[in-house]
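In the two complexes that follow, chain A is the common piece, with chain B as its partner first and chain C second.
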Partner chain A sequence: MKRQERLGSRLLIGLVFLFLYAPIVFLIVFSFNAGDSSAVWRGFSLHWYAELFQNRLIMESVYTTLLVSILATIISTIAGTFAAIGLYSLGRRKRDALLAVNNIPMMNADIVTGVSLCLFFVAFFQGWGGFAKWFNGVQSLVELPTRLHLGFTTMLLAHIAFNIPYVILNVAPKLRQMDRNLIDAAQDLGCTWMQAFWKVVVPEIKPGIVSGALIAFTMSIDDFVISYFTAGSSTSTLAMTIYGMTKRRITPEINAVSTLLFLSVLVLLLANNIREARLERRRELGAAPRRRPVPALLQNKWFHRGAAAVAACALAAVILFLHDATASRPVVNVCSWGEYIDTDLIDQFEEETGIRVNYQTVDSNETLYSLLKSGGADYDVIVPSDYMIALLIAEDMLEPLDYQKIPNFAKIGDRFKYLSYDPDNLYTVPYTWGTLGIIYNTAMVEKEIASWRDIYSDDYAGQVLLINNSRDALGEALLCLGYSVNTTDEGEIRAAYELLADATRRGVFQGKVMDEVFQTMEGGNAAIATYYAGDYLTMLENNEDLAFVIPEEGSNWFVDAMCVLKDAPHYEEAHQWIDFMASTEASLANMDFIWYASPNEEALAAYPAYYEELYEEPLDQELYEIMATPPEVLERCEVYEYLPPETRTLYNDLWIKLGI
Partner chain B sequence: MSKELIRLVNCSMAFDGEQVLDHIDLYINDSEFLTLLGPSGCGKTTTLRIIGGFLTPLEGEVLFDGVRINDIPPHLRQVNTVFQRYALFPHLNVFENVAFGLRLGRKVEGQKKKERIPEEEIRERVMEMLEVVSLKGFENRRITELSGGQQQRVAIARALVNRPKVLLLDEPLGALDLRLRKDMQSELKRIQQQMEITFIYVTHDQEEALAMSDTIVVMDQGRIQQIGTPEDIYNEPKNAFVADFIGESNILDGVMHEDFVVEFFNRKFKCLDKGFAPMEPVDVVIRPEDVDIVPPESGQLRGTVTSVTFKGVHYDTIVDFKGFKWLIQTTDFHDVGETIGIVLNPDDIHIMHKSQYSGLFGDYSSYSEEYDEIGDVAKLDEEEGAQDE
Partner chain C sequence: MNKRGLFAVPYVIWMGLFVVAPILIMLVYAFSTAGGGFTLDNFLGMGDYLSVFGRSFYLALIATLVCLLIGYPMSYWMAREGARFQKVAMLLIMLPMWMNFLLRTYSWMSILENNGLINQFFRAIGLLDALGVDHIQMIRTPGAVVLGMVYNYLPFMILPIYSVIVKLDRSLLEAAADLGASAGQVFRKVILPLSLPGVVSGVTMVFVPSVSTFAISRLLGGGTQMMLGDLIEQQFLGGAYDPQLGAAISMVMMAIVVVCMTVMNHFGEGEEQAVML
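Right, the complex of A and B next:
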């Protein structure tokens, strides 16, 4: 009986730990996956770690993360220590009250801290803009910048702000434990106040300072929410980059970077715990006389000063270097989707032009739109989709392009120019294009699917994934009913909704998905989904049973195009970037990497040969036609147009009503 | 004696509006062992901290060798302190604790920057000082490995190694047990004589004060009650407070009829005091050990024994005289209930002017040992509370 109980409790503990650690173990294991799925094991490989170190987006954000963490740790440790000393010298009542105030930011929800800091900075920038304009007007000696952005500095300030309480919390108890007479004693023996501080107070509270600094560093590395709100659009920490990557598709690269992040935080925590345990033991043993002999050189005052000077210079050099790398070189700020570029092209562009590319990603057209609207973004080049471009043009948020500076625009196929979203082609250079279609698992679906009707049929009830995007989902239904995807007729749209609602009632749909579609389809957990052709090709690598079809009723085809934002600070550089990306060489490399078709006709024609040379096998014509849909199929497809507000509202309402 | 070293002129101090020192005048001679004695809150530690430079008096002057030093910070004064709880530096070993002051360098006349003391000299002086305080061989120990007494010695060595003109000691033996305290008393006295420097010693323990001091300053309520040699203070207390605080005393109301004649208990006694106004009401002090017990019929006064406590060398005998209880210390045993007589010689009687303390002390009606001890503990606690703030 007793034995059983013990067994039971052990089992329970085992389950608890399994629950806690299984996800992390899973993550770590799949970081070593040879294939590019996070569901299907293809053998052991360090491939993703190698990839990781070549991914400049990730490496840059690691850089940013480390720099902000180190700087924030140094500054907040100094500030927090002095704040703790200030608190210590107050009366008990005031001190306790202030310590309570100090604790509040730590318990505050990160999101509240983040949002409030963001709003504070934005409000300050507005005030600053007014001041700077007035100041520049009354004198001409110093030119103050009138437009400030959220960026590295604001994020650093935010990190310092949220780290200081942790430092105070660690230093204050050490001060309280310290015998107050120690300071008197040091002064009595001939120390000035400053000497007493350095020779007696600092050694006494050093354990508190060190653990405060370690915690601050860990918190900084760990932070996502506060950084997200204060970093602005052109700075990105590792956590933010990972978040951006997951929005597109979880590759084992994310597993690898998460594994490394997990390990480094683990090491920091272990270091801190071991240190504390050792101090504790030493205190218990009554302090073992373990004094390592210190070499004479290390005791020399001049050596100390020299070392401090060298360290300070090194730090200054690193910061200057980074500043240099980020500021004084010409820059172009690009915003695109995750995994939507061959990052080697960025390096190539930088080498050729000397312009630094600050490449950021967002997860959807809607996010991009709200970022632009909030004024928090300082991008030059963006790559929105067709219908969003129409909206941005309508709202006068884009700058007309100077096509003289984009000679490669001539290579863009005519069928991708003068489209409905930019009828005079004043604002855009197409970047990629593709189609929406039906992906289905041939092992689970016997017949060949040819019509949108099939995705609403009872044959595959519970096996169909509905795309989680009102425009696409309702568009498919409209096509199924033989209407245009751009219809503004309320009756037609309601009819499409009824089709979806009816299928929902019949339990056809397994769920609404966006990025989960990869794992679900690759793992064979659903039979049918609707998604983009380029992404189908990625899925096919992990599951050979998948097939893609553009239904007979036609489909949507989309264009993502490069545009320059109104008042972009780097107009010239933006044009150079656009021209570079439109070139045949860049288009070929990019196409090969992201598997979305380029609008560059030369590149489209050259791709099969390019592929054969690179992989030493012929390109599968069928697959190529899925990526670069042939003109006769494309004719059946429609581009989304910008819908009037009342239609958009209707879409929204119906989408919410649909539920699922 | 020798020349004057420190003088406080009309010094006052207050914390949060509460008067702690009330216009004090005091001078301290070179190479003197001076004790500031008084109960907690009497202002003795405040006086010490003013001399050490940790406090600046609100009023009055502090003179060192005739020079005003009110505004000189502690690190520039030729004074070192042994703190109540030693305040040793836990991150340094014994040697480095003692060497701490020396490593900061020495002041050179006319130069702002301190001069570095060569390592060799530091080593020599520290070892010499560790020898003085009998801690040779302990130099590499950590502070936490030392006993209370050893820590005490390190604190003394750390202060003395700087060769101060004055050493301030703030209840340095308070945290030691009785036996160790007695040893350290003679040790301190020996060190003071050997080094020939001025010690200013703060304590609330009158025995300690009597045993070690050249001069005792008795303080209460921020005022100096009496300054004198231990013998003066004991034999000629100025008022009821001093009489009670130093040793045990029976204090009675009396009237001075003329020089050398005092009346109490309705009876005239011969005494050695003079210079009082005719018929002036006075306090009469009779030390418990001065009373001679005689058979009742031959006594000047008769009383009944109400309690007897054996104290080792003597018995503490409480005797009731017409409702007023006296403490008498005698080597003879008299049982409870016994009626005894006493005889007072003129030099056993000490007459004091009436003061604010009259009537507060000297009656043993509620006498009990426990009471005294509880009182002491309560005082100590109060003091700690006060220091925390």
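Right, the complex of A and C next:
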């Protein structure tokens, strides 16, 4: 090859590697950032590595990821190998037909595999529920659980299902290459079939098994989509945790954990490469490969059987341990929004009560509703917003609360009780309240924003972020047009849609965001967004140029309240959690952390003093009023009410239409 | 059936349960109403989403072509290097797959943002001032989504093509040259046809995940580039809860992909998939 040509090709190969590795290097560099931004460098620090080991959410998801990958790899390698052997002893016709089916999971898009498995599990659970009820009715010896949920087991089954085909695909060619007479020869020489299998077949196909296992493991580790659809809500792999975080802000701990994982793989691969290189050199030198004598013990068949039994027990122990860790201690499964709690409170609650808190987050009321409907969730406590609570009550999905067990309910202000979504206050204990408003960057927007009209005008085309849920986005447009946010008039709603669609066509919106708004607004990547008052205060900590306004047309004020789901398995623990969160101490700590106002009047009144004591400076009255909106401003605001099914369908249809 | 054939029985049952049954259930969902009755509405109403289908296939096609344009020459050049070089290069291509793809995609977000690394760089060298703009919009554009796909799935293109080219019998190339073929002719008449199976499986492995992605379009498209994956996800775990419609869209997508792949495989002369690794 000509030298110049080779130089050119190497240069291009190098460019491709630069492309592949630039984001990774970027990520690793920012794991050492002193600040918590992923774009602004604030000096070197190992801070995030220390934090990492304190972060339970991340550590648990790393553990789940490794456990599911290892178990799935072991099981699918064994099952796949035997399946391949079985397939290869069938006739050609049958084998080809079965191999075609075997290829389906590999050819299908991940999302199709994930969705179909999800539907399959949910259908199975429904059937199981009926069977278990009948079975428990006819006998009383064994009590079968009547409610099953998506979780670790379903995710593991899904991983095995998509791994086996890869194992078969790798083992099959080795089987084809193997001389079939070898097995007959071994048996003629007096081997039993089992002996022939271990001494002849396995060594022959070993490279296929190893590469099959390796691919299975890689696929499991890298998988996101299939886990996302089959793991339900209570288990989360690292990928799912990251996906949840990308919506808000990826904490640099994630960079740190990825750096560690990446480096350990790198070290393993390098070590392996060096070892191979050394072996090769030895071979080149002509030294005969040393053969270690096999100890007699290893040849004893009872030893083999014993080892197999020990391995099986170990596997069972791991599974039992996992089951134990999740089931035996009292647990409460809580689902809330992202960064919506001072996480120290979780630890405090666990210490005080011995109850393990399984804390999950979703990003919108609509997502929560889908999760509940699809049977993917096994939450006890949820914290939906007003209008969603009304819907859940209407669909009989909530359990009435026992207020005797929630003494702190008395401290909740009367103005937050008996609201339209729960008129008799049977189901809810308010958690936070606040307003929706416009957030803008004063460095990018010269005039003072005062009206919803400004977010649809051409003045800031390409600089506006639309909120990514139908109720808020259409609600804002309704307000802008002077209609009520609770209108059921189709004409009014369509007019609001036209306002949004027209602005979309004119290129006003840079994108539709929910929690991505933090990162985007803090970084000055967009000028205007609409979001919640409490979140504005969090953003303000990272970008002083941001301003918040409740437009003159009025806005939405909301209450998010804690509720218990129908038939929640941990009813008692759920009440303890709700009472704990409603207490004045927890409310104060929470307010200070999330900047959303608490409905606990005692805490609300005490907050300025609490702040002054903590930070040794007075709380800015203006900020306090953004958090705890004064009554005269609240008067301009409406609470979202329950919408009838036709209106909800209209909202959904228009919303999807806007997106496409 | 002989004794070993019995090993196939558990797997046949397994496949029936976890491969065939889920797809059948999805089929049932696609033809039912929320109440459980039979309907064709889920398919008839799909015309509304034509633009989503169009965008998905269009963006996935571009991403696949870009991957092919980068991946083929790359595999070809790699195969001509020494054994050591090849080994290290393969390792470097596999390695990123061990860092979750969401994380790598997220990293692109901070690079492409309006105040991200690239815009900061352009600003520093005065390019933005020269153009008289505040920033170049890169994130939340179709281009960003294609970039995300190419970045994530390029290894899936390189690996199968490389594994086919590297196994080519050198004596064939020498024979062609001996018989008077120019370098270009050797490539066109020998190497290219023999590497087609690798190309086919590479195209499949890039196209299928690209057309169905939802994480990449969500992160880099910023909600403005709705793709089939997003649409399906929305029906199952997103705002518009309608699993029946979601199942129907999945079925249609699956059907189109199967047809595309069958046509593709026709060109690859039905060679079995090149195994990666």
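We take it that the second predicted complex is superposed on the first by the 362 of 660 C-alpha atoms of A that agree within 3 Å, B and C clash if a C-alpha of one lies under 4 Å from a C-alpha of the other, contacts with A are read in each partner's own complex, and residues count from 1 in each chain.
As a convention for this text, a residue touches a chain if its C-beta (ideal position, glycine included) is under 8 Å from a C-beta of that chain, and two chains touch if they have at least 3 such contacts.
All values derive from a computational prediction rather than experimental measurement.
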item: First (chain B), second (chain C), both or neither touched by A:104; value: second
item: Contact breadth on chain A, by residue count: chain C or chain B; value: C
item: First, second, both or neither for A:468, with chain B first and chain C second; value: second
item: Which of chain B and chain C A:24 touches, first, second, both or neither; value: second
item: Chain B versus chain C as contact partner of A:117, first or second or both or neither; value: second
item: Partner chain in contact with A:607 - chain B first, chain C second, else both or neither; value: neither
item: Partner chain(s) touched by A:511 [first = chain B, second = chain C, both, neither]; value: second
item: First, second, both or neither for A:433, with chain B first and chain C second; value: neither
item: Touching partner for A:16 - first (chain B), second (chain C), both, neither; value: second
item: Touch list for chain B against partner chain A, complex; value: 52-54, 73-75, 79-81, 83-85, 87-91, 93, 100-101, 104-105, 114, 140-142, 144-145, 158-159, 162, 388-389
item: Residues of chain A defined as touching chain C within the complex; value: 1, 6, 9-10, 12-13, 16-17, 19-24, 26-27, 30, 38-39, 79, 82-83, 85-90, 98, 101-102, 104-105, 107-113, 115-120, 123, 157-158, 160-161, 164, 169-170, 173, 193, 211, 214-215, 218, 221-222, 224-225, 228-229, 238-239, 242-243, 246, 250, 254-255, 258, 261-262, 265-266, 269, 273, 364, 366-367, 369-371, 373-374, 376, 462, 468-470, 509-513, 516, 519-520, 523-526, 652, 655-657, 659-660
item: Complex contacts: residues of chain A adjacent to chain B; value: 91-92, 179, 181-182, 184-192, 195, 199-200, 203-204, 206, 283, 286-287, 289, 291
item: Chain A-touching residues of chain C, taken from the complex the two chains share; value: 1-12, 14-15, 18-23, 25-26, 29, 48-49, 51-52, 70, 73-74, 77-78, 80-81, 87, 89, 91-104, 106-111, 113-117, 137, 140, 151, 154-155, 204, 208-209, 211-212, 214-215, 219, 221-224, 226, 229-234, 236-243, 246-247, 250, 253-254, 257-258, 261, 273, 275-277
